[in-house]
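Provided herewith is a single structure, encoded as structure tokens, for subsequent inquiry.
Chain naming follows the written order as A, B, C and D, and within any one chain the residues start at number 1.
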Amino acid sequence: METKEKLIFTSDYTEGAHPAIMQRLNDTNFEKTAGYGNDEYSESAREKIRAACNAPEADIFFLAGGTQANAVMISSILRPYQGVIAADSGHISVHEAGAIEFGGHKVLTLPEKDGKINADQIAELVKKYELDESRDHMVMPGMVYISQPTEFGTLYSLSELKDISETCRKNCITLYLDGARLAYALACPENDVTLPDIAALCDAFYIGGTKCGTLFGEAVVIPKHDMIPHLFTMIKQNGALLAKGRITGIQFETLFTDDLYLNIGRPAIEAAARIRSALLEKGYTLAFPSPTNQIFILFEKDQADKLSEKIEMGFWENRGEDRVIMRIATSWATKDSDVDRLIEML
Amino acid sequence: METKEKLIFTSDYTEGAHPAIMQRLNDTNFEKTAGYGNDEYSESAREKIRAACNAPEADIFFLAGGTQANAVMISSILRPYQGVIAADSGHISVHEAGAIEFGGHKVLTLPEKDGKINADQIAELVKKYELDESRDHMVMPGMVYISQPTEFGTLYSLSELKDISETCRKNCITLYLDGARLAYALACPENDVTLPDIAALCDAFYIGGTKCGTLFGEAVVIPKHDMIPHLFTMIKQNGALLAKGRITGIQFETLFTDDLYLNIGRPAIEAAARIRSALLEKGYTLAFPSPTNQIFILFEKDQADKLSEKIEMGFWENRGEDRVIMRIATSWATKDSDVDRLIEML
Amino acid sequence: METKEKLIFTSDYTEGAHPAIMQRLNDTNFEKTAGYGNDEYSESAREKIRAACNAPEADIFFLAGGTQANAVMISSILRPYQGVIAADSGHISVHEAGAIEFGGHKVLTLPEKDGKINADQIAELVKKYELDESRDHMVMPGMVYISQPTEFGTLYSLSELKDISETCRKNCITLYLDGARLAYALACPENDVTLPDIAALCDAFYIGGTKCGTLFGEAVVIPKHDMIPHLFTMIKQNGALLAKGRITGIQFETLFTDDLYLNIGRPAIEAAARIRSALLEKGYTLAFPSPTNQIFILFEKDQADKLSEKIEMGFWENRGEDRVIMRIATSWATKDSDVDRLIEML
Amino acid sequence: METKEKLIFTSDYTEGAHPAIMQRLNDTNFEKTAGYGNDEYSESAREKIRAACNAPEADIFFLAGGTQANAVMISSILRPYQGVIAADSGHISVHEAGAIEFGGHKVLTLPEKDGKINADQIAELVKKYELDESRDHMVMPGMVYISQPTEFGTLYSLSELKDISETCRKNCITLYLDGARLAYALACPENDVTLPDIAALCDAFYIGGTKCGTLFGEAVVIPKHDMIPHLFTMIKQNGALLAKGRITGIQFETLFTDDLYLNIGRPAIEAAARIRSALLEKGYTLAFPSPTNQIFILFEKDQADKLSEKIEMGFWENRGEDRVIMRIATSWATKDSDVDRLIEML
């Protein structure tokens, strides 16, 4: 498993964990702690996240991955007759193998614009449902799912998020935010949405770990205590309860010490900005206006194949027969020297 | 988080990971690999497990935890009209918060004897079903679930396992083995069931990591290639697919290098044997005849409370108003000095 | 399809509907009404049932069959982390093909005595759960399911039902009663439980139609209005909403006109009493002490086979290799002359 | 419940059953038959349907309603990782309260044209899935759902159906047809698709009863014997097994005697044709070009409200703030005199 010549920019989960996390795991390895998240590290992590979110009574659970977090939260919050509103480009709409439907709920899709949906679309969907005389034969919208950053790397502004939140609350609909890559939003100069904003405006969300520097793990946050009774048991029932809960606890405790989580994404954002500039300079076409760590490039297939010999990018989607969108992702671990080489190769 | 005075013997998941695993995670931390188990470490781990199990064409997946492994495998193998036979003391029967039923399937329980069920019981249940004229209104037995070691720390002998396997195959019923603590069976002198035996006699099983030296993770093994088509997608759908699959891959690759998995349980078995002798010598009552790393002691409640001031044990179950079964568990990480102190305190 | 020589006593659903119901269906056949139970007949039926149950604000829905009623009600009332307590002989435990588990919930079985469970057993199960330190890893008891009459034809007394109800309410557990054959309880001299008693003591129940004189259909009653919000939609979602709701409405409207439902079971009870006396007189062994329309006889297999040449009985269950329990069921439609012939043949 | 002055054209399920069916139910009311569809009438109905469909080995089951038939068939045929392709206007996509997702499966919608989808759309969706490198993270298309006539009253031509069938078979995808109103297709001069065509081209379908002259009930047909093993048990598990199966059996036996099913829709088609002509003549706008028994009219809301004072129509959907689509439905029971009055009122 020697070093490869080829540059790898396929995703933000190609490396292990941030060195501070590895250090902490090593240091604590032989301590004995309680299981299932009832250990001191998990409790300390929860306290630090509550502080960072300005949500002193929040319930917090550490799960293994993002699809799991989404599936558990959505099925735990919705009643059987309800569905979840999401962009048609949303992760739950496309790339979770039907996990939400497997849990019994319809995903009510809205057309995305730059990966986002807006308050007006939501209000209109709800109004249409309410005015429909057959609504008792239809799935009731019970939740809104958004991602920050979105699957296209774009960002909701604070103003957009406030509008969505207000619309949801007016209509008694839960607002849930998927923060798989939240660190990259928080480190982005274009971003004006803080963790306390999210905790104030959303009913539940998760703070991504896997793509933001942990070995694995996501922190689910429910700002209002006991909004979801017996969530612990439902997590277990979904096969999502980790016996050695302390492993996720230690990782998040590290991420929320000395503002690491707020800063861990910075190298990724800076690297992405450099790459984006170079791409535009060299005449490439960007598919979405993303300011975060994901860059989507629209290629002729030939062109993509050729570049792929030197740079490993992520496949995003085919556009007709001849064109393809590929993704370059930077991460907390991206090295300047690799960015230099990448720019050279373009 | 200073050293506690109290001795901790609550479970086999109180520490982090085996040092060899931590070393390997540290060493590989900055390598870039593909996601979702498509990396070289995961593939190497699979090859080594195939070799250790003498199952060259086995499909192998790494999942985060045991309940998840059970839930995914059982719901992926069974057809909707089928249920799974298990001991009434089985983990899926009692301590998985109804995960199997949540996935749509009935657990058909048989009365345990020392935590085990036997081929005759299974044959009788199947025959009763087949002779019942109302069977089309009933749940068809489609799988047998057993644990090795059992939830009571006891072991199936090779002869018992062969009988169960034969009964299952004669009746076209899948045999699934939960190996959450398999390393402790493999290290136990009383044990005569090897990994190749299990792979030859079972249709699916999992090799436990979480309780046997990893930070987390279990290796699901299906000896016959493609017995479960599209299992990858069903794992994703169950929220059980790890993005950084390499983290489990590296851990299992280490466990299956130089026979570590076959030996990692030895200290636990030796410690348990010493504790068991001391308990019997001092007149304690053991609840089950377990030869592995779990020791179940039947206490008067007062007695248990008093001992619990010095030794942290695991609660197992109440026996009426006045008595309680507590569990002492040793692990790969148990220190001789702690065993010495424990024996002294008894 | 000429008259058969053989006497048929297999079940209480061998004929069509009570003549008064057929008359009413014929009379109203060409009237035009609204769909989905929003017609005048369904509303009138609901009003009459509310009056008969002394439950003026009850929500009432008409479903097609008993398994459907049980599955819809149990999954609509329970939260995902809860299960339903039932006798191990309960219909949902054995003969509904796993419908409750298919809906995601475990059936927590208690050993029956004469087909019944009692308040003490329930209290003990709940207490055991509450005292178990692992209860968050277990299924929470959330409902009690009982049948009146039971699957063995036996009856809960008012006193027994009151005790169960009190235990449930003290423990915040829903009490649900399956009244598939309720008319036969109500017509039975041994019975001291009225419809108003049931409505006062249970949180939900269904009044059986299929086995009590309708072509099909059961009336689900929830005494407390809106206890289950959006139940209409959940009924639709379960595929249990009838487009021509008026067909069940008309049938139940007829059953609850002039006390027909209270009296329709009488011929069955009288016939069963005569048959039971004759059986005992002739030395047959009754399997359960049922006072209602089902009679369970323990036969040597040879004996059962021989009698079955002349009388079609229902298979109940095998008892070992050599013996079998068969069921004789009478109904609202049983003719005296058939009873005479049967008694002669015994 | 006297005759109403207002004309009722809301749906095709406003009356009871065809007189021949009522006659047959009355005539057979006191016969004793076996339960659960094991009676002679159900068997005779199955034989007659097999003959009418030219499908001698077909498996046939009688269920209570359409949503139930769709939900049971789709969840019984699909594997967990598969979803069902349907028009975005399909009944399962909109008006079944999420029953398909409740059963665990995503509905993969395609944009309808006149309520229909075509072979090219299906082929393209499948190709897109197959070429997507992330397809293992996505729902696999496993079935196509179409309705004949569609929810908009339009018809698939034989040529269109053949193309769809061919595309499905080439791609190993099951083709399922919802025939809730099939009698109205079969009676329509524009229709060129026969029952044998459907049985030859589809893998499963249901012949609608509720909207085509029965009190309730739909006949599910699977042309290839045992394509779905243990379907009986899955029907039971879904709460869809009728104890008095003979009631649906008798109704379908009548419908398939003397070609009644082929002719029962004729009065509806003739009435609809007259109404449609009158509407066009008077300058109304039809929303869809439906040749069957459903007529969709695009109204200004004022206009609709005014007409609704005299004629009860069905609400279909709002079109913006000011306009609404209403439905006039005729049926097997529509009287010429009512059509005369309706035309006068327009």
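Everything that follows uses one rule, which is that a contact is a pair of C-beta atoms (placed from the backbone, for glycine too) under 8 Å apart; a residue touches a chain by one contact, two chains touch by 3 or more.
Just so you know, these numbers come straight off a predicted model, no measurement behind them.
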item: Per Cα centroids, the chain farthest from chain C; value: A
item: Same-interface partner of A-D, chosen from the options B-C, A-C or B-D, over half of the pairs matching; value: B-C
item: Pair of chains joined by more contacts [C-beta pairs], B-C or A-B; value: A-B
item: Separation of chain B from chain D, taking each centre as the mean of its C-alpha atoms, in whole Å; value: 50
item: Separation of mean Cα positions, chain B and chain A [Å, integer]; value: 32
item: Centre distance in Å when chain B and chain C are each reduced to the mean of their C-alpha atoms; value: 42
item: Sites on chain B at which at least two other chains make contact; value: 80-81, 96-98, 102, 104, 136-138, 233-234, 236-237, 241
item: Overall pattern in which the protein chains touch one another (line/ring/star/complete/other); value: complete
item: Footprint of chain A on chain D - complex, ascending; value: 80-81, 83, 94-98, 100-102, 104-107, 128, 131-134, 136-139, 315, 317-318
item: Chain B-touching residues of chain D, taken from the complex the two chains share; value: 75-76, 79-81, 104, 136-138, 140, 229-230, 232-234, 236-237, 241
item: Residue numbers on chain D that touch chain C, as the complex places them; value: 1, 4, 8, 10-11, 13-17, 19, 22, 25-26, 28-35, 40-41, 64-72, 96-99, 102, 210-211, 215-216, 233-234, 236-244, 246-247, 333
